[in-house]
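Structure in structure tokens, see below.
Each chain carries a letter (A, B, C, D, E and F) given by its place in the written order, and its residues are counted from 1.
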Amino acid sequence: METGDIAWMLTASALVLLMTPGLAFFYGGLVRGRNILNTIMFSFMAMAVASVVWVLWGYSLAFGDGNAWIGDFSHLGLHGLDVNADSEELLFVIFQGMFAIITPALITGAIVERFKFTTYLVFLVLWLTFVYAPIAHWVWAGEGWLFKEGALDFAGGTVVHINAAVAAVVAAFLVGKRRNPALEPSNVPYVVLGAGILWFGWFGFNAGSGFAANAVDINAFLVTNTAAAAAALTWGLISQFQFGKMSAAGVATGAVGGLVAITPAAGFVGVMGALAIGFGAGVLCYTAVQLRPKIGLDDSLDVFSVHGVGGIWGALAAGIFAVEAIGGTKGLIEGNVGIMGTQVIAVVATLLYSGIVSFIILKVLDLIPGLGLRVSEADEDQGLDISQHGERAFVTDGAD
Amino acid sequence: MISIEAIVRPERVSQVTAALVEAGCPGFYYYNITGQGRQHGVEVFVGRGGAMATRSTVPKTLIRTVINEDQKDAIVAAIVASAKGPGEGDIGDGKIFVSQIEDAVRVRTGDHGAAAI
Amino acid sequence: METGDIAWMLTASALVLLMTPGLAFFYGGLVRGRNILNTIMFSFMAMAVASVVWVLWGYSLAFGDGNAWIGDFSHLGLHGLDVNADSEELLFVIFQGMFAIITPALITGAIVERFKFTTYLVFLVLWLTFVYAPIAHWVWAGEGWLFKEGALDFAGGTVVHINAAVAAVVAAFLVGKRRNPALEPSNVPYVVLGAGILWFGWFGFNAGSGFAANAVDINAFLVTNTAAAAAALTWGLISQFQFGKMSAAGVATGAVGGLVAITPAAGFVGVMGALAIGFGAGVLCYTAVQLRPKIGLDDSLDVFSVHGVGGIWGALAAGIFAVEAIGGTKGLIEGNVGIMGTQVIAVVATLLYSGIVSFIILKVLDLIPGLGLRVSEADEDQGLDISQHGERAFVTDGAD
Amino acid sequence: METGDIAWMLTASALVLLMTPGLAFFYGGLVRGRNILNTIMFSFMAMAVASVVWVLWGYSLAFGDGNAWIGDFSHLGLHGLDVNADSEELLFVIFQGMFAIITPALITGAIVERFKFTTYLVFLVLWLTFVYAPIAHWVWAGEGWLFKEGALDFAGGTVVHINAAVAAVVAAFLVGKRRNPALEPSNVPYVVLGAGILWFGWFGFNAGSGFAANAVDINAFLVTNTAAAAAALTWGLISQFQFGKMSAAGVATGAVGGLVAITPAAGFVGVMGALAIGFGAGVLCYTAVQLRPKIGLDDSLDVFSVHGVGGIWGALAAGIFAVEAIGGTKGLIEGNVGIMGTQVIAVVATLLYSGIVSFIILKVLDLIPGLGLRVSEADEDQGLDISQHGERAFVTDGAD
Amino acid sequence: MISIEAIVRPERVSQVTAALVEAGCPGFYYYNITGQGRQHGVEVFVGRGGAMATRSTVPKTLIRTVINEDQKDAIVAAIVASAKGPGEGDIGDGKIFVSQIEDAVRVRTGDHGAAAI
Amino acid sequence: MISIEAIVRPERVSQVTAALVEAGCPGFYYYNITGQGRQHGVEVFVGRGGAMATRSTVPKTLIRTVINEDQKDAIVAAIVASAKGPGEGDIGDGKIFVSQIEDAVRVRTGDHGAAAI
């Protein structure tokens, strides 16, 4: 590995780490003022918990040799990875670890303003172990069955986004609706700040996924930026045409939807494909956000509408728009019909596995005495910042 | 002494306070409130550009001043004149409430009554 | 291109992208609370619109071969740029695209709190096409006439800062004064946050402009940091001496002024030149900010005083302080008087072209029914966050 | 130096620069609303002042040849460093300059809400000259006596953290207690934002300290992330077990404590050592924060509890957990008892020198007419934002 | 005319304002306050997770409406019914203060008295 | 029953509320206001360090308590004593307004009158 590749991968890893504080503010701005800190902490604690789980056993389970379904325990505590001889693999451990942080953090958008914080910490450990690690193994480990199937997932459409989105739906369903949701987000600048940081960090996420500083990653960078912009613009314009105003929270969400959708495709499509993917993400995620309230599921911050719909669209779009000259794989447009089947299998497998296992984990946590998914009504009314963290986000009474 | 409380549009506050000073008002204070009256609220996005809803309440500012009874008419007139937006007067321009104050005390000196305001 | 150069240019591009959210907060903090979101969205939507325009036709117009005045349509939709063979050019497309985002965003400081948002979006498209692309071509394309003249503009003093500043003056003039400007900025921490992000991102802006990870860019990084610091310090000290207090918004603005001024010079001057440039920027921009209210033009956030004055000073200072041993060009101090003429021509050409064409674009937009430059009085009074975006920045009523 | 190394070091330098705005918000969120801006400015002005001092004489004093105790004036104004021939050294100037910015900024946590701002600016200049430069010379310059002793300080445990922490104690002692400290932090999201930015930037701080993109720095990156996570988690869990709630400000502080502790060790320990160091930092810094109010010293934002205790623990832990296969030095666990002595000497020397010289500087400043350490009682009551900067952080009265 | 000021839990405001509208209240406004009564405050972290302290004050919202005397009982009853949390009624549920208003003025029209509210 | 409204410097609030509790005040609340009286405002930067202007209004906090008539003098005295800054008493130390309250209701129990405060 050249020093340039190392330099870029260190940078990319740092960028992906920053996405999680970015997500903290993106989500934090969307909730009521009395739950901002709790929402931020959902993401921040993912940095603390997942980093530790990852080096202890997560990496080994995900990328240890194992079999087609799961890794093994050969690298527990990163055992057997020599700092000098295996530095390239350690760099891979780092970069992949950042993905293991943000994926469960994404889930939390569905459960804000009512989920019990201690239970969440336990959930983090179990979900990384039993859901994230296996799916990462399937898709990205050399032994993984979806890897062998040739499923296209450049930077984590299935592993990260669809996976998180289906777990989000399950969690929102099990924890139930909020008692008293606000009409509007309480801090839209935080939403935009978060989206800006996510957009910035996503360059590491996608353009780092080729694990080199080369043509593939340059292209991944370009298509990432293009799709984000196209989706943000699409979202903004739809809301402008429909209501005569352009929602800032909407445009920020649109950008994230575009970034989600380009994620699996970033190594396979060109800039025109990226425009199409971004445009599609704008339309589809917007529609999904509009429809969600009708379903009656309180996926509070639309995790499924953005990461699920965006991720599925991206996985299919990777199949549709893949260009052989870019990523070595022909897409539907270039006549490769078969790729669509593989993509559908990858999506469905992720939906099913993550849905079922996330359900089991949460059900068990709900039944364990002392845990349980939901805070008390009084705690919810008072706000989770005080009830779970003993803090107020903002002290505005000058006198306090 | 009487208390005058004027609920006005936030963007009119500097005009109203200037008018108060001009009318000889000895002091006042103001703070943000969220109000609902005949004004039919405001359209806001919910669901990030995906839907709009009417928030029935609107931001207002309440300006209060405590004055001597004899200043009452002048002060009320000053507020009414300055609180209106450009044009005829619109729904939501505001409301004034007048009530009795029994006593006032200046902390610095301990003065009571009219001398304190 | 070595992997190290690619690594740095990917990083630099990401850094420049982040400048625009940084600018969003820098500007956002300076306006009234009821216009914060709108001000932030001016910058954020530049990311969405300019990224799309850039890949569709902006890049081709700016850097397609064309003639001395303008590129051509040979790279519409990045046509003809192969992901593998032309990856270096694609990297250039990315990096330059980030400049096309921030330049029009800079303009918006002059028109905040009253400019109609839909018209702004159309303005973005037209201005990038008819003003930004040609001037970028003049200065940076191999065919460009100012490039051939040998004008020194390392990272965009003319193309970005002077260009944006003169457009800002024109726009402020045409849209007219605010009805009800606030006495003070409403969120100074945002101003400092924005300045911090801008300072950080500017390392990509300037030290990426050598398009390599080499000695020139190392020097550019060093002089960028030095000039920013010197200007911030100068500004702070002047306000301290004059008023006995040190304005935080002032110091932040000073830093930005220093960054602007060093931009054209970063590849040509050494650290002593940088100190002089930063000091000069502090004095000149501060004076310009002080004088602006006397002119009666509501360039609300002092775009001209900072980017115009700073940019012109920087363009001239590049000529004055250029050191042959650094950038290959002698400056005035080293006896090259001629360079000053070239610099003046570059500045004046930019002022004239940008001023005239920006004026025409805005005049036309003002006349088109349904567009027009200015929101209604009622919308302005209510605040542009609600009237243009249907959102409040902050919901502080705990009950809402 | 390969382009990849340059690319990484430019990135790392930018990351370290960003830490200071991060610190501004980390500290800013912890104070009363009426002192937020002043607290932010303490950090921001360190960027302005230290950058200038560094290129003028700081670098020369710290890294000019000199003797075992101090550099010399050979590089005043970076004299003698050629932009092309010495670009590698200039890169070192940049990277080290960022450390010279953040170190004095760290001190300010102890003196917020009452220290006179003008005096602080003078203090910055003196402290960098008489405290920071010599200690940096001792530890990192080839001639430095601690360098020759073989003291392990990879990225600045002594030079940065212990040094700043002891100066903080001295400053808190001399300036005295706040009249009216708040019960709670006024803006916890700022604290978390700051911690997120610090975590991100610290990758540059630590993984840049090998001055290359290689195996040592990859490992440094990994252990940095691991220790931060372990300490944040430890802190959070202790507060959860002790009080049944998990403080967000606490978790953020824990992360910083972990980052401090791994700093001297990052080039010498592996991931298991990092877990132990992070865990230790969580326990020790938490305990120190709990004990501090009992001492009656108003080290307002616990600089010593976090940077002092964390830094000392890290310096010792570097000795304990050093692995020969990683950094070339055996630690205590590998049987090298002698190393502990060297580490203790380095810690004690820093404590003594920084303590004494910081005391002298502050005492002198206190006596100079027109300076003095403390603002007037009226200024303190009114808040330092208005009294020192003529600004309010937030204008929340919609009418203002 | 009388003024009704109801200090309630912030999370009950939407229920209370809905009850006011239903009871025929012509207008109202609300704002955040920090209150202390019998409720024994709230435990908060000081020292970043290292210690807890009791903040004796809690956030409340004050809702005020000016109505005609004859609406008084209906409005007070509506507030009492809607301001209670689920269950029996807890310490901290709130308090209502009633006082006299001498006059009201509508800014838009200049109307005085009962016609103005 | 009477209402006591004290406008004080924000930095004195904890002293004033402590004095209220000591004087036997059954409850109170406070909120931020922006006030203008004899105090000549405050100098602030406009134009980013390039110019200063006087903002005529200053931040204050209003503390209100509703008490029985017989507590009035004790409470007012407690406020006057605690609201002053160190020293003699300065312009801007604050003002107290006293007015009549007709009735009070405790939401939790529905109690009226003196029993409710």
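Just so we're on the same page, a residue touches a chain if its C-beta (ideal position, glycine included) is under 8 Å from a C-beta of that chain, and two chains touch if they have at least 3 such contacts.
Note that this is a predicted model, so its numbers are computed, not measured.
Shared contact partners of chain A and chain C comprise B, D, E, F. Listed here as common contacts of chain C and chain D: A, B, E, F.
Two copies of one sequence, chain B and chain F, touch each other mainly through non-matching residues, since under half of the numbers at the interface are common to both. Within the list B-D, A-E or A-B, D-F finds its counterpart interface, over half of the contact pairs alike by residue number, in A-E.
One finds 48 Å separating the Cα centroids of chain C and chain F. Inter-chain centre distance (chain A to chain D, centres taken as mean C-alpha positions): 33 Å. Under the contact definition stated at the top, the residues of chain A that touch 2 or more other chains are 2-5, 7-8, 11, 34, 183-184, 213, 236, 243, 245-247, 249, 251-252, 389-392, 396-400.
Residue numbers of chain E whose C-beta contacts span two or more other chains: 10-11, 14, 30-32, 34, 44-45, 52, 55, 57, 99-100.
Taken chain by chain, the contacts link every pair, so each chain touches all the others. Considering their complex, residues 2-8, 10-11, 13-14, 17-18, 20-21, 24-25, 28, 36-37, 40-41, 44-45, 47-52, 55-56, 77-78, 82-84, 87, 90-91, 93-94, 97, 117-118, 190, 213, 387-396, 398, 400 of chain A touch chain D.
Against chain E, in their complex, chain D makes its touches with residues 183-184, 235-236, 238-239, 243, 245-247, 249-254, 286, 289-290, 292-293, 302.
Considering their complex, residues 396-399 of chain D touch chain B. The residues of chain A lying in touch with chain C in their complex are 2-5, 7-8, 11, 15, 32-34, 182-189, 192-193, 195-197, 199-200, 203-204, 207, 212-219, 221-222, 225-226, 228-230, 232-233, 236, 240, 243, 245-249, 251-252, 255, 270-272, 275, 323, 325-326, 396. On the side of chain E, the complex with chain B involves touching residues 3, 17, 21, 26-31, 66, 99-110, 116-117.
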